[in-house]
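Below you will find the structure I want to go over with you.
First chain written, first letter: the chains are A, B and C, and each begins at residue 1.
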Amino acid sequence: MSARDDILAALRVGAANRRASASASDPVLPARATGDAIALRDRFVEMARFAGASVGSAVAAGIPAAISAYLSKERLGDRVVLAPEPALVSLPWRSAPRLEVRTGVPGPEDRVSVTAAIAGAAETGSLLVSSGSRTANAAHVLCETHIAVLPAGDIVGGYEAALSRLRGDGGAMPRAATFITGPSRTADIEKTPQIGVHGPKRLHILLVNE
Amino acid sequence: MNSAARGFPERAAAALADPVLGAALDKLQGEFRRDRGAMLSRMPEFEALRDRAMTVRNYALADMDGLLEQFERNVIATGGTVHWCRDAEEARATVTRLCREADAKTAVKSKSMLSEEIALNDALVDAGIEPVETDLGEYILQLRRETPSHIVMPAIHLNAGQIGDAFRKSHSDRDSGRDLSNADALLAEARATLRRRFLDADVGITGANALIAETGSILLVTNEGNADLVHTLPKTHIAVVGIEKVLPTLSDAMAVVRVLARSATAQEITSYTTLVSGPARTDEADGPRAFHVVLVDNGRSKMLAGPYADALRCIRCGACQSLCPVYGAIGGHAYDAVYAGPIGAVLTPALGGLERAPHLPQASSFCGQCEDVCPVRVPLPALMRRLREDSFRRPDIAVAGRRLTRFWSWAARRPALYRPGLRLGLAMLRLLGAHRGAIRSLPFISGWTGARDFPVPEGGSFVEKWHASGREPKR
Amino acid sequence: MDGTQEPDNGDVPRVGLFATCLVDAMRPSVGFAAAKLLQDAGCIVSVPKAQTCCGQPAWNAGDRADAAAIARQVVDTFGAFDYTVAPSGSCAAMLRIHYPALLADDPVWKGRADALAAKSWELVSFLTDICGVKSTGVHHDGVATYHDSCSGLRELGIAGQPRTLLAKVDGLTLREHDTADVCCGFGGTFCVKYTDIAAAMTDKKIDAIAATGAQTVLAGDLGCLMAIAGRARRRGIALRSRHVAEVLAGMADRPAIGEGE
């Protein structure tokens, strides 16, 4: 008998005892994950800020200027590495002449990474990002500053709705789908909350207004 | 490493005498209580979320065999491989073999209590592979050659000075005069040191917070983001997971997500909540080429069939530890077990046998705080009591006060003997106590008077006085 | 009021007072306070002679057989009353919650245990929730704090009731200590088997109480109070421990627990 056979055989015995008293149940969606588009957008912004992210917004044509202004305000230099998503690459980067934009995978010298988010879950102000053929998954977590661009129309109420957006009709999952909520943090040193241990020290969310 | 030669009472005594530990535990528990209160006021539906999480976990346990088979099919469909291991030894051998097949020299790890349970790191070292813990708390413990003292906050027992000393000793390539006096400096050094290790590692080893049968995905939650670097940067990703972690659907996984961080740290959700499904696709920009899930039984299938099966619902949030007053007095290392606190008091004997940890189910006042906060309503005091029943019946397990308890029960069942016996005992105590109010030392109850004065009885039995007063109604 | 009770006229609730072994042996005045409170609330109080112990020590030690035997004895002794009331959350929980579990597989006793459980109550919550008592109309000067004994709080949900009645005690200032719902370290035989761990827990309770400036600690369980009183005395800390029934019945003039006469 293989280990697999042994384990499954033992489980069949144990599980059988519990079947009578177990039942499926409907999902419980907290009130926070419900509301109309305006309410969800406001809640997303409020919860994202509560989690330590900063949130701004602009129309698509204004995103490069908004990024330039953010870097300037936070004194983060002029260079960004941009994930090679068509929606990002096609933005009018020339409208932000001070920015040096490199498209590709973040390297050790890159301090600011700009990627696209697939959805935002208002219940906790969480972004859903994904690995893919164009964006390196590491681009969402490698750099000290992460700027995530999210169309405001892609803000939904709860995690399940966000995942539905990701999976689409085919239902396939990418290799990695990550809900990002605020910057990287730890409390391992004397339970003192600290930011930026391995992932970004700063998460800036730029909502794209329709 | 902690000395395993000393028994629980000795370890507890040493812990009680440690002021650094005491201060750390007071901070942990006081802040956790405060933060949890704030969390509850932000989430009025928390009880409904708990009920849903419990139901989801129960449903999964009731179909564990079918769900694991479905999980395996879907992992394979995404291009991954599933390995089944009956015990710790098979699991260590499997992971070591996979690392060797990947020509691994270093393996970066994200936090996995299961990998502690199977003693994986030692096996890797023996095989010439260097494991590097990347969770900051686990990394610090690795430097100090210590084990975790809390499921979620493994280094909570340490202060910044001890952490600085560990860095100074181990990061010998840095300027010995550098300032490590504050948490920011420690963090910056850890980030820089470990960044290099992430980038150079051949293999990434994670645990998993859940296995999702519907999609063949694993759930990984961290605040640091280290797991996302561990499962993305190296060429091979190995997830080592207990079989009881399986869930039916993504929606069920979200039910667990909604209570996990809220219970563990009183946050809304961890900074990073990831679903990994298979290795990198052929056209993917980054990610491992090989994805392995190592399923570990190590006593769980046997537990499922027994009286402690409800404890398999545990989602490893650590809330029971963060509130338990016994844990709050002695800390995690005193338990001398991978899992400490209330869940450890059940899992350790349930998985490894009562003789391995006879004190753990006994060292509880049954205050019930643990069950009160458990997000999946594991009935911890009832399970500990059931373990006490097993202990009571076993002559090989020494149970303090077994004979005294049996004598008391014997007397309580015989009111005709109990009354005169009580009269005598009370008279003796009053004689010993005279008018002082309390007795300082009583040889036959030194367990009480060792730490407390014993109040002298008022005198006489209430039942007898009541009947002597004529107040009992005539029938 | 000399305490003589009127004959039962059928409308008046007949209460079997389960004194508890600790009250019976260590502090009978709590039993008399409980009886007074129940009589003032309009009940006829009976104290069956055959009572000794609820069986918790055996139950918590894992001695199921002895616990079940004692349970049957208690069910037999108290079954005839309209209510069984105990001045203890842990003993009331034993009758109300654990007896049905203990005797669930006993075809002869299961029904009787379930019936007793449905009629078993902790004293203070019985007064407020069943008798509708809003105030006991007494006076007691001083500053006190209330400790929530674990069984009463978590197994029976008792929290607001004692505070509601204490708020109506004229002259009494009730100050909450921030860990009122944290275990005092008694835990039955736990405090004797794991003396030092338990004492550390009791110390935290005493320090939290001291931080409020309260001179007196009140609770609904005598075990907790004996542990707190005994440890405070050992540490030389001035703190009076009383059962909440003593104050509510206006019978708190006796020495406190562990105080000399």
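Keep this in mind: contacts are C-beta pairs under 8 Å (C-beta built on N, C-alpha and C of every residue); 3 or more make two chains touch, one makes a residue touch a chain.
Being a predicted model, the structure only gives us computed values, none of them experimental.
Because contacts link the chains only in sequence, without closing, their graph is best described as a line. The chain occupying the central position, as judged from C-alpha centroids, is B. Centre-to-centre separation between chain A and chain B, using Cα means, comes to 30 Å. The mean-CA centres of chain A and chain C are about 53 angstrom from one another, to the nearest whole unit. Between the CA-based centres of chain B and chain C the separation comes to 33 Å, rounded to the whole angstrom. In chain C, there is no position where the chain touches two or more neighbouring chains simultaneously. By the touch rule above, chain C contacts chain B in their complex via residues 3-5, 7-8, 19, 21, 23-32, 35, 44-47, 49-53, 55, 57-64, 66-67, 69-70, 73, 150-151, 154-155, 179, 182-183, 185-202, 204, 226-227, 229-231, 233-234, 254-255, 257-261. Against chain C, the residues of chain B that register as touching in their complex are 9, 12-13, 16, 33, 325-326, 328-330, 362-369, 371-372, 385-393, 399-402, 405-406, 408-413, 415, 418, 422, 425-426, 435-438, 440, 445, 447-448, 450-463, 465-467, 469-474. Considering their complex, residues 2-4, 6-8, 10-15, 17-19, 21-25, 27-28, 30-32, 47, 50-51, 105, 108, 124, 126, 131-138, 140-142, 158-160, 163, 171, 173-192, 194, 196-200 of chain A touch chain B.
Residue ranges on chain B touching chain A, taken from their complex, read 24, 27-28, 31, 43-45, 48-49, 51-52, 55-56, 58-59, 61-66, 68-69, 78, 84-86, 90, 134-137, 140, 153-156, 158-160, 163, 183-184, 186-187, 190-191, 194-195, 198-199, 215, 217, 223-226, 228-229, 231-233, 243, 250-251, 254-255, 257-258, 265, 268-281, 283-287, 295, 297, 301-306, 309.
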